[in-house]
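Take a look at these structures.
Next come two complexes, and both contain chain A; in the first it sits with chain B, in the second with chain C.
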Partner chain A sequence: MVEGVVSLTKTFEARAKSPAKRRRLMPVSIALCFFFLAIMVLMVLFGPLLAPHDPQAQNALAGSAGPSAEHWLGTDMLGRDVFSRLVSGARSAISGPLVIAIGALVCGNILGLLSGYRGGILDFVIMRWVDLMVAMPSLLVIIVAAGALGGGYWMAVALLGVLSVPFDTRVIRAATLEQMPRPYVEAAKALGVPNRRIMFLHIWPNIAATAFANTFLVFAGSLIALSGLSFLGMGAEPGTPDWGQMLAENQSLLFANPVASIAPGVAIILAATATNLIGDWTFEKISSRGATR
Partner chain B sequence: MNDSIEQPGAPGAPVLSVRRLKIGRAGLGGAGAIVSANEFDLAAGESIGIVGESGSGKSMTAKALTGLLPPGVVANGVAEYGGRNLLGFSEREWRSIRGSEICTVMQDPFTMLNPVMRCGHILQESMAPGRRLSRAERRAESVRRLAEVGITDESVVDRYPFQLSGGMRQRVAIAAALARDPKVLIADEPSTALDVVTQREVLALIKRIQQARGMSLILITHDLRVAFATCDRIHVLYAGALVEAAGAGAMQSEPLHPYTQGLLLSEPPADRRVRELVAIPGSVPSAGEVQDRCPFATRCQWVAEVCRDGVPELQAVADGHESRCVRLPEIRTEMAEIRARAVEPAPALPDGRTGAALVEVEHIEKVFNSGSRTVRAVDDASLVVRDGESVGIVGESGSGKTTLARMLVGLETPTAGDIRIDGISVRDWRALGDQDRRKLRKTVQMVFQDPYSSLNPMRSIGWTLKEAITTHQSGPADIAGRVSDLLESVGLHREYAQRRPSALSGGERQRIAIARALAAGPRLLICDEPVSALDMSVQAQILNLLEHLRTERGISYLFITHDLSIVRQASDFLYVMNGGRVVESGPTEAVLDHPQHAYTGELLRSVPRSDGNWLGASA
Partner chain C sequence: MSLKATLLFIVRRLAAMAVLMVVLSFAVFSLVYLAPGDAVDALLGGKSSTPELVASLKEEYHLNEPFFTQYWIWARDALHFDFGASTQTTLPVTDEIGARFGSSVFLGVYAYVLTLLFGVVPGVIAALRRRRAVDRGLVAGAVVTLSTPPFVLGILLLYLFAVVVPVFPAAGKGEGFLDQLWHLTLPAVALALTISAFLLRHTRASMIGVLDQDYVAFARARGLASRRIMLRYLLRNALIPVVTVSGVLLTYFVTGAVLVESTFSLGGLGELLVQSAESGDLPMIQGLTLIIAVIIISANLLADLAYMAIDPRIRFERRS
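Our next item is the complex of A and B:
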């Protein structure tokens, strides 16, 4: 993810330099999304350096205070600096969804390609499994499973990951089926190219746009879901800085220091929206190179 | 019909007069040109043909004349109709012209009719507004209109377009276009998407109605033979410029522009086999690339400095015959000599079939099940391809010829019957051992119809060819060298290895597809309509290349096509397929000269011929 953002920004800069392509730069909204994600990445990498205070340091005397020069976003009930906790919270906001998105990308693509390309019994088995998984209300399953197995952030991540794979599988299978009857696939078959090569070296580059766009969707979706779980107390361990948890903890301060619960909420919405928009844009970008259509 | 428009004037005066027509993408100047110089007069009751390959700007001309140019494309010049310039019309003004004065029939009958409207509704919608008619009257009118286009079955009024065949749909579209009795009909490739037999019927219908109504017709086509048979005057467009205009007869007997001549000679003649097709080298440039010179200069064998020195003027070279060639006086005799040489017949082929059988197909069947419907695509077909022989399979769409080819390379599995390739029985490719399969892939390779989609769009040419080589040969050989050799053998420079398919023209892509098939060193090359997606001037190049490769490498061909003239040129032995069955077979010349089966005769009559009789009688 970090590398992805960096390389995308690089191509952005390269484009900006060549005068011929200046006309078709990226829209301002996308640039803003990249800017926001870049800030989030900085917060993940250099969180402790950027935060003005120790996010865990309690100061009961200065609790529930509004924004001030010392505490930009005020303090929470235990007197911890809300801004510092917001900066540190970026880590759990990004790392979990990143693991889920990449895991779903790899597993979903392999299963989807196999299912679409091979067809027959394998397709039937994979698709019935997908139907079963999709039919289950995922948040409920996680709540029950987390309750039974003891919970914790990474447990929630693992469960969400498993539940995201079927979604990816279905999308990739549909995209594969669309490519299957194309003459270039048949030409490769007639040439005697091994099936594995056809799947991964012929078909996949042509559906990569869909795969990546879908990954961004999964990322945004699981960011929201993880925050929701933390809000319910099933995600991040109590005490760790986490946006969802901050939202829950600080809602009692709505009148003393409203910023304390509004700020993490806004951060969640912005992060999810930025990834969604970037996902759409990436799809347009890659598919205009002549794949998919 | 509309008082604001003067009724076009005296007899003989042009109904529509187009001058200095330029069409281009807005804001790009010369580089965005699509049509750089087009002009013509259309008299009342006259039919003119606008002939050109893809990129010649012929369809854009038609769109400009009906105000349907896509956004961002603008037309300049004069198109005078009834004393007014059509090109300056607003959308509101167009509405008083379209349908009632000028109407169009488009290429694809499968997408042109709204699929959720019944045919009767489509017709009624295009009838003149303002005349209040009862439901029954409107229906009667629809039936009458359909009868005019040869549909006597009244129930068609209540059917949806998807329930009709392509030819029927095109007839409905024509009836809808004519519903308000327009004065000018613009037909943009009306028969290209149809089978040969239907093509002749639709063209004959258009010509009959045009003559019966005294309507003016602009026929836009890529096929010179179709234009000669249908139209009085022919205008040849090349890369956006009008290069030659003449009466159909005059142009046919003596084309006076090197491009027209090249186009005429590169079409394989339907009635005889020639020694070698006269191909035009290279491919069609875009109008924007040839703004400062004769558009044909890049491909013309007579090109000289004067040709690159500005765009030549259109000059009258004979009565009613105009050409844009500056060197015409010098090269006219030489052009005549080339024409004379091109008609020399090829030496007769040896009789009888020699060589061992390479492929034997015995009583093969293929049934497709889609839902509750079963389609018998191939029904008890048998054929043999011998070593070193070129075998043709000819038939219309739906005849099962492509399914047969796909079964030969294992893309479909036959329902019954047997296929033996080089002694190995290949009914089911999946049941074969690795060694047999590898041997078969080296024996049979295939070239697909559409070079635009048969190459992986995300991979470079070098990658594609390298894969084809390494699939069939293991060990560290000089792969880069073999890629260069392959490219050279199909007449391309080795630098093509770095390019992506999207940077290549159709002809170049098909060369790559042939090179890919050759990488395996096959003994049989199956060519499924290898030239039908290509421009006319490029078709001959590819046919010549295939012929050259055959003599050089001694491989067999299985040539699948709907075009009898191509099959005559490219094959020794012929199978004619209809409805999944082989209805006739024999040496190509014998079958085409003395067809035994009624269907072969019908096909032969339908092949476009330049003379007017082609569209005669049995329409």
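Our next item is the complex of A and C:
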């Protein structure tokens, strides 16, 4: 899936090789992505302090108004300040995907390493399970589960985490298989280093970059999925400032105050694009480094 | 691969499909028991319970029978497209699904055609103009569309083409073919764009792979017409992986349709699923889940068969 951006960044790199620009750490586009993520982190950490208004304060008299000096992005139907809700909404947009990405990173790496290193029946069982899970439309599974068991943000996060593990598993297994025939693994085996030590202390450091690159992609994917669930009213608790929910609530205001639903939409697109680009770029860095080795 | 081997492959796949459906149907059936409270609470769906109603429900759903007998009766009915009655509308689930099936299929087919158009054509162009401005622009655009959830795109399109320039309707599914086409254009575009970005990257990568092949250079050297090289040498080989991903794409379509139908209030199957999940309408959830699963599984089988049909290397693989 990353091939597309690969060649894009390749052109950047070809340019970077000219002597004058050789020391450039990353292309400008990637720097912008990191900058945007930094802003997101600031909004998560200091959201309530940055917001000019209380995101929950209602004002029936000032409802459905367009942007003004007082309310930069106008107000929603209940008169709540859209800009303040947008800033506070970063918290629920980031927290769930972060938990999912880290959980999938840990579980997927352990399973992928085991599958690739041990091989045999264990590998077969893990990979059939991966095939099954990858074929499942995760959003639908969560909707059905929410319908039967009663939903909730953290249940959606847990389910999405379980459904994201196979993606990490697959990537890590492939990376492990690539390391297996290298001399250092052979040497460690010949010296009688315990298997677990070889897997986690010898092989893993060599594939860690791949693992982290993939984590960015998982993060972006779950950010999109969770915002969709919130849009359908099955994610974040009703009333909490959340980007997906803001889109659904303010859709009826498209005539009166279109920014109220467009701004959170753009926020979702920017956050997902930034993480996707960083993930793709990291993958590209790894593969080009591998090629010159 | 001989005809016999092909048939064997199909039979094996069908058997795997049957096993998968049994496992899945068991999971779907168990939803009634996994739901909070007991099965009667789940099937009441929030209605106040009277002893008579409870007794009639127990009779209707054979709740006094052992668990596996219940499953057997339920699965037998499901095979005959009888999933019981919705707890919300008390109408048969099959009727409710049947009434909405048409518009969802229309949306799906429409979006599929658009996806091929938006995905394959720019993908081929990007590959032919590799590393030029056009390529870089298309690839960057694909990343942005890939990061755009269908409902966000839906709302942006609604704003642009139903509010700013009101050329398309903001909601509803329309009557008759042309009216439906008009009503479903924005939803289909919203659904297709995200998925076509995925297809674009796939087509581009595959096309670049084929462009680097010696046989293409040789065909050029022989002085074959560029149109012939394009159609017979490049596209024919480059589009094989595109067929293989179509099974995966369908999963995206189903997921995306749920979001898009809710955005545009189309009253299709996806919206029905969301509504029944919100109201805890278990018979409806069960029926919809099984039908969606059958669609996804059979589409994957079809994609595999198409792959075999167009790629001789797969067919003859075992002979060597």
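Keep in mind that, in the parts below, the second predicted complex is superposed on the first by the 259 of 293 C-alpha atoms of A that agree within 3 Å, B and C clash if a C-alpha of one lies under 4 Å from a C-alpha of the other, contacts with A are read in each partner's own complex, and residues count from 1 in each chain.
Rule of thumb we're sticking to: a residue touches a chain if its C-beta (ideal position, glycine included) is under 8 Å from a C-beta of that chain, and two chains touch if they have at least 3 such contacts.
Keep in mind that this is a model prediction, so the values were computed, not measured.
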Aligned on chain A, chain B and chain C: do they clash or fit? fit
Taking the superposition on A as described, I'd like to know which of chain B and chain C A:Arg182 touches: first, second, both or neither. first
For A:Ala148 in the superposed arrangement: first (chain B), second (chain C), both or neither? second
For A:Ser261, is the partner it touches chain B (first), chain C (second), both, or none of the two (neither)? second
I'd like to know which partner A:Pro137 touches here: chain B for first, chain C for second, both or neither. second
Under the stated touch criterion, which partner chain does A:Thr273 make contact with: chain B (first), chain C (second), both, or neither? second
Between chain B and chain C, whom does A:Ala220 touch in the aligned arrangement: first, second, both, or neither? second
Which partner, chain B or chain C, is in contact with more residues of chain A? C
Taking the superposition as given, tell me the minimum C-alpha spacing from chain B to chain C, whole angstrom. 6
Taking the contacts chain A makes with chain B in one complex and with chain C in the other, which residues are shared? none
Residues of chain A defined as touching chain C within the complex: 1, 3-5, 7-8, 10-11, 135-140, 143-144, 146-151, 220, 224, 227-228, 231-234, 244, 247, 251, 254-255, 258, 261-262, 265, 268-269, 272-273, 276-277, 280
List of chain A residues in touch with chain B within their complex: 182-184, 186-194, 197, 201-202, 205-206, 289-291
Touching residues on chain B, where the partner in the complex is chain A: 406, 409-411, 437-438, 441, 445-446, 448-450, 453-459, 467-468, 471-472, 500, 502, 513, 516-517, 519-520
Taking the touch rule as given, give the residues of chain C at its contact with chain A in the complex, in rising order. 31-32, 34-36, 42, 130-131, 135-136, 139-140, 142-144, 146-152, 155-156, 158-159, 162-163, 170, 198, 200-202, 204-205, 208, 251-252, 254-255, 258-259, 262-263, 273-274, 276-278, 280-282, 285, 289, 292, 296, 300
